[in-house]
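In what comes next, subunit A is part of two complexes: it sits with subunit B in the first one and with subunit C in the second one.
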Partner chain A sequence: MLRIANLRGGYGAGPVLDGVDLVVASGEVVSVVGRNGSGKSTLIKAVMGLLPVALGTIELDGKALLGLPAHQIARRGVAYVPQGRGIFPRLTVRQNLEIGARAAGAKDGIPGDVLELFPFLKERFGQSGGTMSGGEQQMLAIARALASHPRLLLLDEPSDGVQPRIVQEIGELIPEIARAHRLGVILVEQNLDLAMAAASRIVVLDKGMIAHECASERFRDVDVQTRFLAI
Partner chain B sequence: MARLLVACRLLFAQPGLGGRERVGAQIAVAAFAVLALYPAVGSDYHLAQLRDALLLAIFALSLDYLWGRTRMLVMGHALFFGIGAYGMAIATTRLGWPTGGGLLLGIAVAASVAAAVGYFLLYAGVRLHFFAVLTMAMSLIATQIAASWSSVTGGDVGILGVPPIEFSAFGLHYSGGDGTASYYGALFLAFLTMLVLWLACRAPYGLILEAIGSNENRARTLGFNTARQLLIAFTAAAALAAFAGALFATTAGVVAPDLLGTLLSTEVMIWVAIGGRGTFIGPLLATLLVHEASQTISSLSTSLWPLLLGALFLLIVFALPDGLVSLLRRRKEA
Partner chain C sequence: MSGTVVVILNALTLISILALVAIGLAIVFGMMDVMNLAHGEFVTIGAYTLSFVQAARWMLPPETAYWVALVLAPLIGALVGLIIEWAVIRRLYHRPLDTILATFGISLILQKLIELSFGALPQVVVAPVSGMVDLFGAHYPAYRFLIIALGGVVIAATLAAFRWTQFGVDLRAVIQNRAMAESLGIDAKRLTRIAFAGGSALASLAGVLLAPLASVETHLGTFYIGKAFFVVILGGIGSVLGSVAGSVLVGGAETLLNYELDPSLASALVLALAIVLVRLRPRGIVPGYSAAHELLGKG
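Up next is the complex of A and B:
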């Protein structure tokens, strides 16, 4: 579904990504791990059209995404949850979800299936997003991304600043959503437990290149982790 | 037709009234009632002063719509007010057009300038203080043009003898030359403008502006063409400012380069800040109060007013960053 080939790019001064090839099938969750500065976040920013300089190929269902402005990429079915949560703090929970649905062109409000996944949001409809806890905001950000019925979901460190119990919940939720909605997911994550729990495949980035790629179970091997992440 | 329906729903589909909004609505209704009764007690002089202030309040509302909702600050907003005023003056005195034509000319020129400049700046990613300062530069350039292109703009003196608005509809005759009639005209238009902006901004359209104002990149990655939305808002705000300026020219009867300039641009920012950004009723009332204060204090000493205004602005920024309306709301909530 998503095909990235020989992707190079960065923020202007020197490349951050140096020839990345990656394929994500629909219904599949791929975790991207790597040390700080390896280009993980930059990779999904490139897919979202937020990178000033990007060369190579990015295709969704055979149609080129690279070169399109971010809002058009969103309208083609790519949803992005940035690091540090992507909610609008002054809007209420309901408004945050409505705007997610509206942005994708939906005219009939918040999709019911999204609320089924996150039932607690319904009780918080009138609360402003900024007053929720870190984990709740993260859930809201994911729910809002799903409200646009995307084909591909990009998550940048959803575990950041979220308490362990919720991280575990997110780890169970992501593959479930991917299966139920036939959604491809790229999860960029420092938290290896979450990365392995959520994904079927792990990709290790190093200096803007893919250093290693394997099934999640194989990545549980401490030797493999040490070799590629030096931890 | 279907598209029109969608646009109407985007602009006017209304959610229920929240507690904070109820306070604002109560203030607005009370203020309207007091202002509607004012001609019974006020002198002709004060009535004319308040009428001018109401037209300036429309100008303040146009900035509040932009600054309060999209957080996009325009430091040279008087540019558009002045273009509206000069459009009216040039059309009526130089070209012999009726006042309706002058109104349209002023609005069209201001909207075109905003659309053209805004297109190049906003689509190129110019934002925040860079954008604010560039609009200030534009206002300075326009002031220079108005002061030096004497054959059209009347130079430093400006243009005198702009006629008042007169029209007949449904068997009724409106004459802008009549003090009471023009007062009620200004009152009606100021509150109508506020009502329309308020309804549009609490409809789904307002959510889009709020999202862009709060984090443009986030709004973009959701699928909104943020540069286009900002351009539309900027152009609409310019058109509304020009509308206020053109009306102001007909009641004042005269236009001069200071209508385009820095002092008025600064004053309108202060009115909005004092009233409370994004509240609409706040800037409207602040304009009336501050304008009244400026007339009273300037009559005592002309140099005192800018000094006091600056001090008041600093006080508001430090003590009440959300403006006077936030004070009323807080008291209500406490």
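Up next is the complex of A and C:
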């Protein structure tokens, strides 16, 4: 479904990504791990069209995404939950979700299945996004991304600033949603437990290149972890 | 009693005009941290549209021609705004200092273009209504009532649109987090262009409204641009409600002080008051949340 080939790019001076190849099938969750500065976040920013400089190939269902502005990539079925969650702090929960629902051009408001996943959001419709806790904002950000019924979901560090119980919930939720909606997911994560729990495949990024790729279970091997992630 | 009513009505007149000029400035400033120093020229364009339409007549009496100008001026303002955004501003995103220089240049070019077309002499404009109206014992010009009413309606409509329409919500989303808004399918460039044109249209509308009270000259706008920046910084960057609150404060204080003091001293005191208030509330009376502004470390 998503095909990335020989992707290079960065923020101007010097490339951050140095030839990344990655394929994500629909319904599949792939975790991208790696040391700080290895290019994990940059990779999903490139897919979302937020990277100033990017060369190579990014295709969704055979159609080129690279080169399109971010808003058109969103309309083609790519949803993004950035690090720090990117909630519009002065808009209400409902307005945050409505913007998400409009991304794919849907006119009939916030989809019911999204609210079923996060029932607490319904009770908070009138609350400002910025006044919610970190974990609640994370749920809202995921709900907002799902509201457009995307084909591909990009998650950047959803465990960041979120309490362990919620991290565990997110870890269970991601593969469940991916399966139910035939949704491809790229999860960038420092928290290896979450990365392995949510994904079937782990990709290790190092200096902008893929250093290792294996099934999640195999990554539990401490030797493998030390080899690719230890400093 | 009647003196108090007159001061209040004078304040409301100034507040209406200031708010119309400041709203566009606040949105553009909040959306992309662009200081548009040419914003005042849209006021001038509005005022000159009125004098042009009234002079041309088109077989209309000047009083009727006024209403034609009132509709035409925002359209011309929007069109000129679109051209400036397309030709200059959009090339200068993320370069706020260059934008100041560029818009200052545009301001001078527009002033001189107007002077070349219409001459340096003040233009003649006529109010659509004359005479006085009595209210609570005060004897007050009917035209100023019209300014307050029209200004109030347009400001309220702008506030409502910003708060409740899809367009307004999208605009606020772009102000609060541009990259995220784009990642959710909002065409931020298009919205910025529309907002720029809309703000220009409001300033041109203000130009028509204030023209019969002012001397219509090419530098008319420069008088309002400084005050409007005051209003925006005092009220809160990126906040429409803040612009209105800032206008109430600046317009109200200036009118009140003008009543008792020499106008120059009054202006100086308002500036001093603004400095104290910004020191106490650095983010403004109604703090807007502008990501563009905070990214540049000026939150």
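Just a few scattered comments:
Note that in this section the second predicted complex is superposed on the first by the 230 of 231 C-alpha atoms of A that agree within 3 Å, B and C clash if a C-alpha of one lies under 4 Å from a C-alpha of the other, contacts with A are read in each partner's own complex, and residues count from 1 in each chain.
Throughout what follows, a residue touches a chain if its C-beta (ideal position, glycine included) is under 8 Å from a C-beta of that chain, and two chains touch if they have at least 3 such contacts.
Note that this is a predicted model, so its numbers are computed, not measured.
Superposition model on subunit A: subunit B and subunit C are shown in a clashing arrangement. Once chain A of one complex is fitted onto chain A of the other, the partner contacts of A:Ala103 extend to both subunit B and subunit C. Touch criterion met: A:Leu50 reaches subunit B and subunit C at once.
Once the two complexes are laid over each other on the shared chain, residue contacts for A:Arg90 go to subunit B and to subunit C alike.
Judged by the touch definition given at the top, the superposed model places A:Pro82 against both subunit B and subunit C. Comparing the two interfaces of subunit A, the one with subunit B and the one with subunit C have residues 48, 50, 69-71, 74-75, 80, 82, 86, 88-91, 95, 98-100, 102-105, 144, 148 in common. Within the complex, the subunit C residues that touch subunit A are 166, 169-170, 172-173, 176-177, 179-189, 289. Subunit A meets subunit B in the complex at residues 48, 50, 69-72, 74-75, 80, 82, 86, 88-91, 95, 98-100, 102-105, 107, 144, 148. Subunit B meets subunit A in the complex at residues 6, 9, 204, 207-208, 210-211, 214-215, 217-226. On the subunit A side of its complex with subunit C, the touching residues are 48-50, 69-71, 73-75, 79-80, 82, 86, 88-91, 95, 98-100, 102-105, 130, 144, 148.
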